[in-house]
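Dropping a structure here in structure tokens format, bear with me for questions.
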Amino acid sequence: MLFHVRMDVAVPHDLDADVRAELVATEKARALELQRAGTWVHLWRVVGQYSNISVFDVADATEMHDLLWSLPLFPYMQVQVTALTEHPSALSAQR
Amino acid sequence: MLFHVRMDVAVPHDLDADVRAELVATEKARALELQRAGTWVHLWRVVGQYSNISVFDVADATEMHDLLWSLPLFPYMQVQVTALTEHPSALSAQR
Amino acid sequence: MLFHVRMDVAVPHDLDADVRAELVATEKARALELQRAGTWVHLWRVVGQYSNISVFDVADATEMHDLLWSLPLFPYMQVQVTALTEHPSALSAQR
Amino acid sequence: MLFHVRMDVAVPHDLDADVRAELVATEKARALELQRAGTWVHLWRVVGQYSNISVFDVADATEMHDLLWSLPLFPYMQVQVTALTEHPSALSAQR
Amino acid sequence: MLFHVRMDVAVPHDLDADVRAELVATEKARALELQRAGTWVHLWRVVGQYSNISVFDVADATEMHDLLWSLPLFPYMQVQVTALTEHPSALSAQR
Amino acid sequence: MLFHVRMDVAVPHDLDADVRAELVATEKARALELQRAGTWVHLWRVVGQYSNISVFDVADATEMHDLLWSLPLFPYMQVQVTALTEHPSALSAQR
Amino acid sequence: MLFHVRMDVAVPHDLDADVRAELVATEKARALELQRAGTWVHLWRVVGQYSNISVFDVADATEMHDLLWSLPLFPYMQVQVTALTEHPSALSAQR
Amino acid sequence: MLFHVRMDVAVPHDLDADVRAELVATEKARALELQRAGTWVHLWRVVGQYSNISVFDVADATEMHDLLWSLPLFPYMQVQVTALTEHPSALSAQR
Amino acid sequence: MLFHVRMDVAVPHDLDADVRAELVATEKARALELQRAGTWVHLWRVVGQYSNISVFDVADATEMHDLLWSLPLFPYMQVQVTALTEHPSALSAQR
Amino acid sequence: MLFHVRMDVAVPHDLDADVRAELVATEKARALELQRAGTWVHLWRVVGQYSNISVFDVADATEMHDLLWSLPLFPYMQVQVTALTEHPSALSAQR
């Protein structure tokens, strides 16, 4: 099933620069891994924000939560989760 | 370029049933046409809402505005438009 | 999977009394049917509001959406949907 | 009587790791104890949030307050309390 | 137990004047009755608003809900309900 | 005249424990003194919050401000002040 | 005592033009009368809004409420009332 | 002096089509006239909204208010007015 | 021209007491100076808040901005600025 | 294409004064450079705020994002981005 997620990142200004760099690098590696696995289906940057809008394809809500909870930057994010379903006007629904 | 759009529809309760049905049918036809043209790239239903979350691929902001403005249900929608760009952690950015 | 839903009802004051009574009766019948089926797991009244807080157990987001969309009072509700998962401190998680 | 409670936890990033671990463990022990006692009736995790949605069955508002106030993580929570009552369309009300 | 309630009234401008006068008179009679019964403990007008702030002393949440739901002006009110308990610095708590 | 006041307290987590205890004790002593003087007419705890809802009977707005400003916990409070007057449906107004 | 009041006016579009003109004229006459009496101390227009910001000098909260409640446009206003007192840095406080 | 103004238009759905067309045409004529006069300095459409963002160069706040108040669509607009001044990093300030 | 300004002050709890006292004293001196000059026309305390509501009479928006920006407490304030103009029902407008 | 951007700056009070001065100077140099290049088309100060309202003319959303992301004060800003298009009542649209 699909979840739409917006993540707004706010890393504290006084976080150690090395810790921060390590966090960002680990986050990126995890994002690439999940995209390659077909779980993190879309990942876009919001213009002018330290934010992304993403779509995930997961088995259920538990997989969605565990995935987000384990992101390296999770403690520094505001996260909004919205459940999606097929739109009746989507091409995929014209069967 | 990509725009993320959320549309929340609120058709007045007292709108004539035929007018309403015609509006909804015309809106669907337009949505299908724009999806086939590759402009309306994603179209999802928000669970539990008369709302969709969409992504459009347009030449520029003017095309985006004209497209939204001309939707049959536009007068009955609240629309939120967010400009997107490639995320540095997206697979497509790993070149 | 579980969804937490809050429904705030606002039937227009000028709706015909018979139509309204019919809507409310049909809504109640549907709520009872879904509770008996084990789908509408919890249904509570919010004190002092024409609102309920509910928990649904559905196969997926599509079933959740279709259920809400087809409620007789849906056109007169504000609906908030929140995906739930097992809490690590819940008794059910102590295995 | 029943109260619906949402707790959003925000432990400061600079809290000592041992203090934090102790707090979380004590909170969990208390949650289990109250669930076993039949007071903390439901405890769900909100997907993608360090938050729970709970339902408590207590004698009165004073018991509800004292319970929440004495939770180990209370100083780090935003808490929303909503009084519930039986819904006229609930199965339990069809007598 | 005590509930703090704020009621903001918005009677539609096009309501028939006689219906409105009848509603207001019935509401007042009911308020007086409940005050004499010791249930509606406090009733104040908010300066500059068609609103009141009230405190009710009821057996439980169900009595609170039924009382509010049955007020003649309930369909035209926004209602906020807040559960109260004894404050540890109140005179009544110094035993 | 009467003022309705809600105070939401947020003492910083890193405040010295002795300073905090002293503040809380002084605040309580002041609250008791003002209740005995008939100025702080009502003082309730909001369930699940480090907050109170109070009603004050003061000579004028200046007395109200000076009282609040001089509370020991004032620097750590969010305060909402609402002027009250007699409600036309209050028992006291039926003369 | 002084109250700061902001009034935002929203007369319904379908109000009869004569009724509207009468309301506006009566409101203006009342505003002038109260200014001449020294009660409505300041009356400013907010730029670009059908709104005013005013300061009233009244005996107490009851006079303030009765004055606002009896304004001809009151049923069509959103009103915000803020109690004022002398500022310690005001010239008038340097005695 | 310069004012930044955002206007969000919401013409009622049931307004007579001819009245609406006349309003829109008159509004456009007025906008062109004020642009030619050098008063309405910038006029942009917000993408996806029946809204504009404008900058006006007027003698003072009174001219700004009278201009907005007399716009044909003013009764159907939400208007936000923000006073501007020269930015110290603007080219025009590098003298 | 007139500007209505609300200033909400929040000096950090850990600011050095001497620095704070100096800031407050300098702010007061500046406020008195500007009142004597006829620029800071009104200065009121909001009851129960570390806030003021003020009206300034300045030549233009630039003078308004420079005045606010140079206030000693400016870095610790939230400031809301509203442009005012003469109200058509004000006594001063009856010429 | 044009973007409307509002930037609200909040540099932490405890940032080293030299670091801050360097940041502000670098920001100003960058703003001047981008104005001279014709990219940062308008830059205004919001009266009474550490904020600016700007209009940028960029090739696409990616250029807009990279520009904002690389501003020296970006980590200390709240940024709101709004896509603009030509207004049908703008002089430039009368062809």
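A, B, C, D, E, F, G, H, I and J label the chains in the order they appear, each numbered from 1.
Assume a contact is a pair of C-beta atoms (placed from the backbone, for glycine too) under 8 Å apart; a residue touches a chain by one contact, two chains touch by 3 or more.
By chain, with names taken from UniProt: A, B, C, D, E, F, G, H, I, J = Muconolactone Delta-isomerase.
Note that the coordinates shown come from a computational prediction; the quantities given were computed from them, not determined experimentally.
Visitor: Using the contact definition given at the top, which chains are in touch with both chain A (Muconolactone Delta-isomerase) and chain E (Muconolactone Delta-isomerase)?
Guide: C, D
Visitor: Please state, in steps, how far chain J (Muconolactone Delta-isomerase) lies from chain D (Muconolactone Delta-isomerase) along the shortest route of touching chains.
Guide: Graph distance in the chain contact network comes out at 2.
Visitor: Hey, which pair has more contacts between C-betas, E-G or A-B?
Guide: Between A-B and E-G, contacts are more numerous in A-B.
Visitor: Out of A-B, H-I or E-G, find the interface that copies C-E, where copy means more than half of the contact pairs are identical.
Guide: Duplicate interface of C-E: E-G.
Visitor: On a C-alpha centroid basis, what's the spacing between chain B (Muconolactone Delta-isomerase) and chain E (Muconolactone Delta-isomerase), in Å?
Guide: For chain B (Muconolactone Delta-isomerase) versus chain E (Muconolactone Delta-isomerase), the centre distance works out to 44 Å.
Visitor: Roughly how far is chain B (Muconolactone Delta-isomerase) from chain F (Muconolactone Delta-isomerase), centre to centre by C-alpha average, rounded to an integer in Å?
Guide: About 50 Å separates the centre of chain B (Muconolactone Delta-isomerase) from that of chain F (Muconolactone Delta-isomerase).
Visitor: Taking the mean of the CA coordinates per chain, how far is chain H (Muconolactone Delta-isomerase) from chain J (Muconolactone Delta-isomerase) in Å?
Guide: Roughly 22 Å separates the two chain centres.
Visitor: If you look at chain D (Muconolactone Delta-isomerase), which of its residues touch at least two other chains?
Guide: 2-3, 45, 47-48, 61, 64-65, 81, 83-86, in rising order.
Visitor: For the protein chains shown, what form does their contact graph take: line, ring, star, complete or other?
Guide: other
Visitor: Touching pairs of chains, all of them, please.
Guide: Final set of chain pairs in contact is A-B, A-C, A-D, A-J, B-C, B-H, B-J, C-D, C-E, D-E, D-F, E-F, E-G, F-G, F-I, G-H, G-I, H-I, H-J, I-J.
Visitor: What does chain B (Muconolactone Delta-isomerase) use to touch chain J (Muconolactone Delta-isomerase) in their complex?
Guide: These residues of chain B (Muconolactone Delta-isomerase) touch chain J (Muconolactone Delta-isomerase): 1-3, 60-62, 64-65, 81, 83-86.
Visitor: For chain C (Muconolactone Delta-isomerase), which residues are in contact with chain E (Muconolactone Delta-isomerase) within the complex?
Guide: 13, 45, 47-49
Visitor: Can you list the chain H (Muconolactone Delta-isomerase) residues touching chain J (Muconolactone Delta-isomerase) in their complex?
Guide: It is residues 2, 4, 27-28, 31-32, 35-36, 42-48, 52-53, 55, 82-91, 94 of chain H (Muconolactone Delta-isomerase) that touch chain J (Muconolactone Delta-isomerase).
Visitor: Taking the complex as given, what residues does chain A (Muconolactone Delta-isomerase) use to touch chain D (Muconolactone Delta-isomerase)?
Guide: 3, 5, 12, 15, 61, 64-65, 68-69, 75-76, 79-81
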